[in-house]
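Below is one structure, written out as structure tokens; comments come after it.
Every chain is named by a letter (A, B, C and D) in the order it is written, and numbering of its residues begins at 1.
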């Protein structure tokens, strides 16, 4: 399969690698949920670390949504170049970093002096992921150069516009953290839940003329 | 492969991602088995942490069984939608969480005041996995909308019914933990061993009319 | 691909899952090599933890050799059953356990009272891997029931015999640990190096009549 | 797929395994970025551990570049042998080791007495990766024995020469560490950034006669 020098083989191996990194990053999130070591009630100790569970859920759903979108994006991409592979490596670098700020927020959300810094780091990581997602898409779609044939130009523009929502929304949520870290995290959670909804997906089928 | 906008490609990439998350979650379980640090007999110290090995085995077999069943289920699924991908992400979120309650039970099973709480958390995680497994199946099979063609409706109903056993059995085992954590864990272990048996598999072949 | 209910699809997904677990177990080995925390010379501290590096290399090569052999074995396997999948899950459970005894040996090889126990645990894990490898092969090859067509029976017997060498050699090395842990580990290392050699591979090509 | 005894199947499974190990090693790098535990300003503590972030970025990009090059190399490889698989296992062993020296450098770069040793270990690991990459390529290309048909000999020589740059550059950067660890790490970072550039890729397309 990959020994065949065709373009499709390239896309397949990139997708496999990207899926691997995303699957690992999403699964490593559980390592930040620590076993409480307490002499008192385990139930109380477990309840007290709710930020760890919340962080796990929000970051898991966010990476899951990015995976679904990456998956959708690659239905339109048919070619890769050296530079495009490298942009994907940088994109994956931002995703693989997420377990760090997730643990940071979980550990410091209860510390008044530190929660703003932790939330801003989390937000900046999210912004970096969303920006790199757009960079990858624009690199592939500019002039349609890496897309499969038969893709409708109006559809590409519609997708490009819809992807811009990510960096904008994450930047706003990050700025909100400077005023209220809790509100900021609430926005990140709300965005993860919103993008779970079926109707929030971009209509790719019409872009490529499927029935 | 994945650059082709067909439905089959979608299923392949979902299965690859799910396999990745399940393979990682199952392998991360070993990280909860800690090296004992002791000044006395290493043999004694190794023997004393038997709950860690038991937890490793039961959770490993359970994830392995879920993987086999997921694998079987996807032999009948031929299409995916945005919402269906998202349900799978939530399903994977419950599986990737398992290393946490596994370590929790291993650490607290010897602490009389804490073992009930630890076992209930373990059981609730198992119930969540089994419920999401059913949700994924029902989302795909409702009206046969995401199934491959040629699937027999009576067979679908039979599978749907057989899958209901999981959440019911896990809920009972979890409730038992309130009375006896050891009995509850014994039931989880017995279920893992039972589902290992060849005869416990649902007869998928007849559902899709194979010889 | 996996949405097709054929037998070949089953084998592919099992191999992907097995490769995933083996790739993760082999890569997690690095987590047992700890950063030394020392106030004195870092060079001395790094040199002092040579057992960690040796354990990393021996376990890495061993899992790598198992992966190559698993890969070779599956060139002859064309069908899977529920029971066969489960046997593979148990086989993978023994491989995924290896990071634990590897770290155990690295931590205790310098402690005279503990090194025997640590080495025996390491050896028992190796024996379990080799036994399960044989169980998987025999389950597939008994009466040729899960093999691809055109496999030569004399070849199957030759492979079955060659595989028996693993459990026997590992059992001997484990028994040696009771007398001399260092000699035992030397044997495990020597076996890993021996199996690296090209000539040690079973001649699969002739079994399936390749040119 | 893998149940078919053809050569292409072998290459596919090797690539999948290699991709898995590289995807895991690259994602495990985040585990060396520790959550600071501080009573003072979290912002200051986060800023103080800049070597961790720098190490993460340089090692991530380096593994990413190796992955892209491995991917390119395998477009020309059509066959595998037992010995070739084993050489790939040793190659992967050097990559999977990288999280260790990355953490070592991050922890000791601020300790004047230890930073040279840490940087030399990092450099030696990089040299080992680059040497094994060349060994894998030479094993496959010697006499063209494992290459796909139609590969141009002048092109093979050109690739062989271009790959030699890696071990030489990494050896020089490692020797520089004996004089100045910071300059050495700067060279490793500069090489990672340089190889990100599109124009630094070897022109594989012309080697295999693509349009």
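In this text, a contact is a pair of C-beta atoms (placed from the backbone, for glycine too) under 8 Å apart; a residue touches a chain by one contact, two chains touch by 3 or more.
The structure presented is a predicted model; accordingly, all values stated were derived computationally and were not measured.
**Q** What's the call on subunit C versus subunit D, same or different interface residues, using the half cut on shared numbers?
**A** different
**Q** Any idea how many Å lie between the Cα centroids of subunit A and subunit D?
**A** Spacing between the chain centres: roughly 25 Å.
**Q** Taking each chain's centre as the mean of its CA atoms, how far is subunit B from subunit D in angstrom?
**A** One centre to the other, that is 35 Å.
**Q** Can you tell me which residues of subunit B touch two or more of the remaining chains?
**A** In subunit B, residues 1, 16, 20, 24, 28, 31 touch at least two other chains, as defined above.
**Q** What is the shape of the graph in which nodes denote protein chains and edges denote touching chain pairs (line, ring, star, complete, other)?
**A** Ring.
**Q** What's the complete list of touching chain pairs for this entry?
**A** A-B, A-D, B-C, C-D
**Q** Flag every residue of subunit C that touches subunit B in the complex, lowest number first.
**A** Residues 1-5, 9-10, 13-14, 16-17, 20-21, 24-25, 28, 31, 81-83, 85-86, 89-90, 92-93, 96-97, 99-100, 103-104, 107-108, 111, 113-114, 117-118, 121 of subunit C touch subunit B in their complex.
**Q** Please give the residue numbers of subunit B that touch subunit C in the complex, ascending.
**A** 1, 7-8, 11-12, 15-16, 19-20, 22-24, 26-31, 33, 35, 41-43, 46, 56-57, 60-61, 64-65, 67-68, 71-72, 74-78, 148, 196-198, 200-201, 204, 208, 210
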